[in-house]
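The structure under discussion is supplied below as structure tokens; questions concerning it will follow.
Think of it as A, B, C, D and E in the order they're written, each chain with its own count starting at 1.
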Amino acid sequence: MLWLPLAAGLLACLVPRRFAGWAAALGAFLALDLAIRLVTDFDSGSAGIQHAVDESWIPELGVRYQLGVDGISLFLVLLTTVAWFAAILWSAIRTPERPKTYFFLLGLAETATLGAFLAQDLLLFVLFFDLMLIPFYFLFGSWGSEHPGREGEGPVRPAPATIKMIVYTLVGSLLMLVGAIAAGVIAGDGTPVFSMAELREGLLSEGSQHWIFWFFAAAFLVKMPAFLVHGWMPDAYRVAPLPVLAVFSAVLSKVGAYGFLRVVLPIFPEATVDFQEIVLVIALASILYGSVMAFTQTSARLVAGYSSVAQLGFITLGIFALRPDGADGAVIQMVNHGIVIVPLMLIIVLLAERSGGDDVTKMGGIAMRAPVMAALFLVVTMALLAIPGSANFVGEFYILNGVFQEKIVFALIAALGVIMASYYALRLFQHAMHNRKPEGVESRELGWREGAIIGGLVACIVALAFYPQVVLKRSDESVNEQLSSFEQPSEPTAAVTEGPGK
Amino acid sequence: MDATTYGWLILAFPLAGSMVIALGWRALPGRAAGWIGTGAIGLAFLCAIGALVQILDHPVEDRQLTNSLYDYASAGGLDIQMNVLVDPLSVFMCLVVTGVSTLIHLYSISYMTSDDGFRRFFSYLNFFVFSMLLLLLAGNLILLIVGWAFVGFASYALISFWFRRGTATGAGMKAFVINVVGDVGLVIAALFIFRELGTFDLLQIFERAPEEFTTNEGVAVAIGCLLLVGAAAKSAQVPLHTWLPDAMEGPTPVSALIHAATMVTAGVYLIGRFHPVFEIALTAADIAAFIGLATLLIAATIALVVTDLKRIIAYSTMSQIGYMVMGVGIGAYSAAFFHLMTHAFFKALLFMAAGSIIGAMANRQNIDLMGGFRRAMPFTVATLLIGCLALAAFPGTSGFFSKDEILAFAEHRGGFYWVFAIGGYIGALLTAFYAFRIGFRVAYGDPVPEAREVEAGHISHAEPENPATGEREDTDIGFPGPEHHIAEREWPMKIAMSVLAFGALFAGLVQVPGVDAVIEHFLEGSFEDSTLYNDLPSNAAEWRGLGVGSIISLLGIGFAAVLYLQRPGTTKRLAERFAGIHKFLENKWYFDEAIDFLIVRPALGFGRWANSVFERYVVNGLVVGTVGAAKGANAAVRVAQSGYLRGYALLLVLGFCGLALYFLIAGS
Amino acid sequence: MTEFTAPHIDYAGLSPVIALTTALVVVLMAGLLPLHRFVIAGLTLAGLGAAAGLAIWQWGEREDLVSGALRLDELGLAAALIAIFAGAVGVILSMREDAAEKAGLGAFYALLLGSVLGMTLLAQAQNLVAFFIGFELLSIPLYIMCGSSIRKEASLESGLKYLIIGSLGSATMLYGFAFIYGAGGSTDFTAIADTLAAGDADDTIILIGTAMAAVGLSFKVSLAPFHQWTPDVYQGAPTPVTAFMAVATKAAAFVAFARLFEVALGPVSADWDVALAALAAISIAVGNIGALSQDSLKRLLGYSGIAQAGYMLAGIVVFSETGLNALVFYLAAYALMNLAIFAVIVARERETGFGDDIRAMEGLGSSRPLLAWPLTIGFLALAGLPGTSGFIGKLFLIEATVDGDYTWLGVAIVIGTMISMAYYLRVLAAVWMRPDPAAEAQMPVIAGASAEADAPGASAGGRDEPGTKGAGRCLLIVGAAILCAAATVAFGVYPDPLVDWASAAGESLAVG
Amino acid sequence: MKEVAFFAGAIGALGGAIAVIALRNPFYSVLALIVHLISLAGIFLLLQGEFIAAAQIVVYAGAVMVLYVFVAAYVGNVDEPLWEPIPGQRFIAPLLGVALFAELGIAIVGSGLKSIESEGPTVKLGFGSPEAIGKLLLERFLIAFEAASLLLLVAAVGAVILASRKRSGAVEGPVG
Amino acid sequence: MDITWYLVLSALIFAVGVAGVLLRRSPLVILLCLELMLNAGNLALLAFARSLGNEEGQVFALIVMVVAACEVVVGLGLIVAAYRRRIPLNVDELRSLRG
């Protein structure tokens, strides 16, 4: 499954340009199919790794080729395949220029992402983590489009924006490389060990945990992106080609959160406990700041972008509650957010086509002749603002619950984010679809193929809304195992912060 | 079939109806959508009756039945089922909701015929009913919150139904956001409850609450207050009420359904539902009562001066719900729910009548432009007046019994609760007055042109425009349809209105002090654990209350008669005399402005600041700074790379000297 | 007359050197005959091939040659192989090259072979004298080759600069050798090591000697602050020469560096490791920062070469077997990726009028994918992105640093990599994210002019007639580029063989 | 006796060296270097390097210097401009020279090596004689010897390439 | 007469040579200065050879002479070539490559 998309990508290079897209789509579809199989015959009872692969890769360095899924990565893998399938189909419908390279890169990207989710070896994880960036660099850069930029500043050109993004994100991930190696070397004196399973056995002294923790945190926080290190996000989002951006913000941001859950918590438990508050504060800042920014943006892309800053804030919050419910919430929330952001981006494509730009203040009344589109968009919006009854709400509720039981104040403040979310999401919807139709905006229904893609995704949203348990059931065990080292939450700190409580 | 199955069916029909209409929107011919919708709700109503029958078989003490369909979300120590709780309270509410809804659907079939959004309208309407019922039947707190939020969403969708009206969309946004505030209140309450009681299941909560909490324990009160936030937001109680008047932007049936009969009463239901908590957290209960009181007075005063027909009714709704909240706050549960029922009847009726008149007025809503319809539209006017009588608690009408029962209980409760009684009676006076302000202004006086046209046999057609702003509109999708419909010409409207009129007149008789107490006995199944439920005022006290009530309402009606029938124009003079007060009331006590000033402005301001300053200078500064540093260093290196061969040699030797120096120092 | 006993000579062990020498002479002679360029190139390649074959044949042997002047072991052979490979690519690149043609192919290739020979000797030398002569035999042909494109002023200038600074460096090194000899009592590495281990290791003489030797070698591998010749010479020299020089010199010099410091000066390692670590850090900083905003690709590669030297030095600093493995692996990887890039640059120099200016690469992605991909892969590898051997190499080095308690150096490496991303990606942006300016590039005048106008660095390239010399249909060059790139990716995905090879080389020195 | 010779040679060598860098005209510098070389050869004799001393005279002061003289004559005496384009060079350079000498001096004087604090051990007859050197060259340093010859060959080739007349036709203008 | 004296002398010559490279601008003279440095090295080699009593140093010195000769030949070749190109023989004017 891992290498399928890449193979398809290569195939796409070989076949004539007309079919390139469909070849890639085929690969993506097969991957999706495998992912579904994976889910169906997943044994939700056990916490351990399933379908494991373990080959020796670079013995001198102690790097092994270890793959496998557990309850946490399972649905992220599925999400990845779904998102990519949608994006590739979408691109296949409206073929981009130089399709061969385009689809090859997309395939490469999917492979890398899947690799990151499947990797059970620390260095392998890091490798895929960095590898993910390369295709996106080219995709953003060569297929991106110039953006008018925010008022008072010049237009944003693709090349510099993407370079900024890559350098920024690499700052983190390269430090992580050092951190990973250090962890491995320090853990296994003499022969380095990088297998996560072994590293989990607390081979690291607290002292070394502390600095390595930050090396990893840097990588993940930047990738998410979290508050204060999201500087690369606006420009990148402005210029990126939307179908690609869809998968990017749907999946890649999750890798960061996933990394916290998969690597940081189990391998650096003491450090995690020591720095819990700091990370929680960062997460909180991301929520509030992201929300506030989201409802002042005029660019639809950036509304989406900042909303995901806020969402990722929630996820981080849940993870660092260091409680099963919080982490469960984080996992399901990752899936939800991904499955919501993809259709949102695709809809923004449609909006841009109808209003000739992504400036929401210049849109309006598009719902008039496009009821189906409006309906789909409405569902997406509601899911985005996590209306109770959507799976997103379940996620947020679990997260809030987890945090609440640990650190009540954080939960109360985070709740503000929920309110703001309702505002910016609705604002986006209304500005685009409702009110009078300005000049130069046409209200046109979406084509059936586009409708099929978005509709499919929306169907996923609805299905999850009715039965979120399908995710929770499978993730629960693994989550508990990841958090096994935090069985007894640090009471003293909790007692301090529980002002209004008891 | 047992009651819970009916419960599920009650939920199933509206949902199905909504989905069918939504998916088949293109296929359905003419009014079919309307009939489907109405039918779905009708079936739901029948199921509710079925549930009622079933539940009556059970002995009073175990009339609380739950049934779980599947695990909704259970992990990490939380356990959330997809389950329903069918008990007298929920069944009672379901009956009211489905009953009134059926009629309103029926009414809408005609009222909305000529609107381009006909199908969309019914799909929304059914969805709304579904969510309302979900809210009522929910077996656990989370599901209740879900229903709660869905209701909010549905009301948003319906308020901004005419989505190309700026005012409508704005109002929708406002309503939704305020509702979300309420949701969050509930969510946090849920979190507290889970921490303290470790469960979300309603029955378990009610079981454990008394065990876990001592009376007026801090946490309990906190929970109570958080629940109140939710209730206030949904039931338009001060200070979260501002959305309700604006919500009148929606089509009139929507106002009738959501903003009079059903949704706004959710708050009352919530408080009643959580009475075990509130009876422990007495402070919270009292706060609720005070909120109710404040709301009923404020709303009533505003209703005196507003000129928009629908808004007057809206404010009266607020104030009536104020009564109910006050009722459940002080523990007069049966009375409150009794009033809830009667209010549903007469308020829906009022709105329908208003809708019919607005239709005749070609969508204009200002009562100053109205008058003399009594000969033009006898039926409508008759129903309108019936509604007004009930609202004014005219002796014998439904409103009479229910409202005064609450007040009697307040008196009976003793302590400082007499305050509520007094306030209630003052409110009653105002209510009676403004009720007939509507009645007389619309019905009597000399006919306005529109009225004449109707008499002449056709409905006037003004240019379509937004009643609020007066801007021009086409009648295409997203704006009101080209034609207007009045009860006189549409039998579905007629039926719906007459049924409600009947209810408004005689529904009070189900619970006449000393004679019968149907509702009280029925609801007992849900309130058996309540301490307050069963100590009721004596019949004598009740009758005394009724006496006072009747006098007051007659007084109010009398005033209205004097001011509007005998000496028209007096009101204008009064307004000029007390210009200050008048302005204050006209601006609705400046609540909007206050909220805008305290919350909206700061938030937006911060946002703008963050966007223009923080983002640019701090976040980008991080980037720009590093880039600048790199550039500077780069420049330095390139200057050093001067191209002067001897310069290179110099640096080389310099480096060598440094290295040698280090070695000499390190070595020795 | 004193009787004299001929030293025992193991011709098998010496065979690569001998092969190179013969090749040198043959090619030189052939150059005088009127032969087609392919014949001469063929002869050269044959010689190199033979040497390589013999080297592989000798792989695994470990012994002292010619009374200990040379040491036959995997380390030396590895460096020799890299040098030979680079030489071969250099030969291919310099066919049809202006400089080579004018100089006379025979002579030119003879010089190249001489340089390769010098590298081989240097990499194997374990005697100060042999070391020094190897060092010079490596350098002097390079001086000439740099200046050999006589029609270009820049070429001459680079030659002269290289010669003078180089001689300065080697003179310093020689002086240092004198001191080492004085303190070590011999010119044989092993003997020196013994003496030092016996006597007090930190006598001022040996210290100053070490410092001076370090200066000379640092100069050769272009470590800051002895780096300044690098950008100028890289840019000025004919591109094929630059390619060969950049890759092969580093390989040989680094291996020699390792041998001298870890064998002869091993006992005083406590004194030099910190100093070298500092040099490494400085080089990483200077190189990466200097490379930012360079428009001439060769110049950019010069700076990046400085930074890369800094990375590699880390392998010596840690003074451990892992370090050596990492060093050798990185050298090989570095050779592959750099040669891929240089091949593309040469190809473009002949196609466009921009010379080695970054604009020569604009729109390459759409116009010449076959060239664009090797370039891309090469730069990504230099940037150490996964999927390429560059990543593995960095992995290796960083692990070595962490292992040797030089984690801060590892961090320095990655920080340098981050900075480097900015300029590597800038090139790639030009390749993939600009429209193909083929249209105006066809017009030599404009191209030349513009190249001069706003890129003085590129003027050298800007002035030779573009589009001529069989406008880039140089399949061999493209082939070389693709080969190197493919190898880079292959070793990035399945590094095992290269890793084994490097480890064999690394352990053959038996340090740490 | 030795001292006198040493100091005489030292003064000659040092004077020559300083003259090389002090004189404006390259031609004189070359001559100064020759003086330096010859006196250095004398010092070599004191160190019992007869063969080296001879080579010094013959190869260096003879052949190489002649080459210098020719070239100097060929290019004519280009006297350098007096103003110093590189800021600070004029002051730093001598300072560096001094510093360098200081460091080397410290190293030499501060060294604890017994061997250099004497006149050196008494050595067998024929130390540094042509036989001895040749023997070493052909035995221990055979490689170096061969390599040196190759080096000469390469250098010759290089000289031919660089200085040969046949391509002086195309002359480029100065580069910006 | 200690060997130290010889070494100090060589150090002096070396320093002078370095200073010359840094100060003079005619490539010809710079080459001469390089010769000075190499000679300083030779002197040091011989001194040490004497102090150690083995001739390796002397052989080394011989090799160095060869090397020096080669460098001179190449250097002069470059100078002549440059002169032919009418490139001014002043290293300060060789600045087309910089930055």
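The rule is short, and it goes like this: contacts are C-beta pairs under 8 Å (C-beta built on N, C-alpha and C of every residue); 3 or more make two chains touch, one makes a residue touch a chain.
The shown structure was predicted, so the numbers you read here are calculated from the model rather than taken from an experiment.
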| item | value |
| --- | --- |
| Chains touching both chain B and chain C | A, D, E |
| Lowest number of touching-chain links that must be crossed from chain B to chain D | 1 |
| From chain B, the most remote chain by mean C-alpha position | D |
| Chain A-chain B separation of Cα centroids, rounded to whole Å | 37 |
| Centroid distance [mean C-alpha coordinates] between chain E and chain D, Å | 5 |
| Whole-Å separation of chain centres (CA-atom averages), chain B against chain E | 97 |
| Where chain A and chain D are represented by their mean Cα positions, the distance between them in whole Å | 69 |
| Overlap residues in chain D, where contacts from two or more other chains coincide | 85-86, 89, 92-93, 96, 100, 103-104, 106-108, 110, 113, 115-116, 132, 140-141, 144, 148, 151, 154-155, 158, 161-162, 172, 174-176 |
| Set of chain E residues in contact with two or more other chains | 14, 17-18, 21-23, 25, 31, 47-48, 51-52, 56, 59, 63, 67, 70, 74, 77-79, 81, 85, 87, 91-92, 94, 96-99 |
| Overlap residues in chain B, where contacts from two or more other chains coincide | 638, 641-647, 649-650, 653-654, 656, 660, 664, 668 |
| Interchain contacts (touch definition) - all pairs | A-B, A-C, B-C, B-D, B-E, C-D, C-E, D-E |
| Touching residues (chain side chain D, partner chain B) in the complex | 85-86, 89, 92-93, 96, 99-100, 103, 106-107, 110 |
| Chain D-touching residues of chain E, taken from the complex the two chains share | 1-9, 11-20, 22-26, 28-29, 31-33, 35-36, 39, 42-43, 46-53, 55-56, 58-59, 61-63, 65-70, 72-74, 76-81, 83-90, 92, 96 |
| For the chain B and chain D complex, residues of the former touching the latter | 642, 644, 646-647, 650, 653-654, 656-657, 660-661, 664, 668 |
| Parts of chain C lying in touch with chain A, wherever the complex brings them together | 325, 365-366, 369, 380, 385-387, 391-392, 394-396, 398-399, 402-403, 407, 410-411, 414-415, 417-418, 421-422, 425-426, 428-429, 432-434, 495-496, 499, 503 |
| Residues on chain B engaged by chain C in the complex (per definition of touch) | 630-631, 633-634, 637-638, 640-641, 643, 645, 647-649, 651-656, 659-660, 662-664, 666-668 |
